[in-house]
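Please read through the structure below; I'll follow up with questions.
Letters A, B, C and D mark the chains in the order given here, with residues in each chain numbered from 1 onward.
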């Protein structure tokens, strides 16, 4: 899985993208966020407030119960503030 | 009183402006339109459909019961179509 | 504060927006409306706009003042042309500036709705079939109602 | 049909409206919205816009397509800048063209409301006190609701 981060999520994670091998028990966006938070303190801090996070799978906005598979590009970012 | 006409009212009256001495019994816009219609066939035709006419007194839109006096500038025209 | 112009000459939309933006950093939102001569079925030769000199300027300034009273505008421009115009030509320009987009959008729409029913302009269309005055639309009267409150 | 651009370079509002008008006489109404960098209290040094290349273009095209589905638009342009901008600089431009003003106004407002909540851009402000990411406004989510029907 390709993971990409933007704005303060990127700053907290400390990188803009990374490749992850998705464990078998991780099947939704919610499970992915939970799994990442368990990796270490850095991810735990970056993803601490799920209500302030938004997720896109393959460049489309999705909700927390959206399925994810290993070939997806998953982006994690704060609510957008363009315009 | 200074009378000014626009658009098809002007074309039907056959002039763009004229000066009129206001008879004493003419005190409102409605009475003015009625008085003008009685002058001759030309005015009668031009002002035949009061619901299609709009009036401004001293360059301000007014209703039919608005008072008029001899020193007023009264404009008679169709509903506006600018913009 | 509003800038109002009634003129025969064309206007430059980009230049007018620039003039309103010039040197200011407090407005984040600029809305423009440009109305042009529309040729619905390819028969229009020209459009002639007559107006009521004096009252036109007064009425446009009054409409602009009303918009400024209702919304926190940082700028407002209205330009309306008169004379004979060709299909595609500019007729009217309204620009509003505000800190926030909602106010700029609403004020611009309000200005156009009021201008359409209150500014003393009359359109006459010239087609191959002859000349005809354009009828007022009841739509335009209806549009006004939403601002009554 | 919509023209969408995500770019670092500035845009020319007048030129973009001209490009949409060019050669057409069927559209009578053009609405533009220009969003600029607003400096509320004179403390802003610069504003940096980050975005999600690829998704940004896709999302803007999707938003434009939705507007074209809802209103009889004859043209539609969206330009959004990224990178570091100064107070007063242009950020975003939306232009709509239609036969009638109501459709052009509503579609432009719709485009901005959707763009504000769906286009993947993030603003960071640099002030004397340091850098800070701009928080999303609940206003913007509320603005979306009026288009649900």
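We adopt the following convention: contacts are C-beta pairs under 8 Å (C-beta built on N, C-alpha and C of every residue); 3 or more make two chains touch, one makes a residue touch a chain.
Here the structure is a predicted model, which is why all the values come from computation and not from measurement.
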Key: Shared chain contacts [chain B and chain C, defined touch]   = none
Note = chain A to chain B, mean C-alpha position gap in Å, rounds to 72
Query = So how far apart, in whole Å, are chain A and chain C when each is placed at the average of its C-alpha atoms?
reply = 48
Ask   = Can you give the whole-Å distance between the Cα centres of chain A and chain D?
value = 26
Task = Can you tell me which residues of chain D touch two or more of the remaining chains?
result = 35, 101, 112
Request  = Mind pulling the residue numbers of chain A that touch at least two other chains?
outcome  = none
Request  = State which pairs of chains touch, listing all of them.
outcome  = A-D, B-C, C-D
Query = Of all residues in chain B, which touch chain C in the complex?
reply = 4, 6-8, 56, 59-61, 75, 77-83
Task = Provide the residue numbers of chain C that touch chain D in the complex, in ascending order.
result = 12-15, 17-18, 21, 23-40, 44, 87-88, 99, 101-102, 104-105, 108-109, 112, 143
Query = Contact residues on chain D for chain A in the complex?
reply = 35, 49-52, 54-55, 58-59, 80, 91-92, 112, 115-124, 133-136
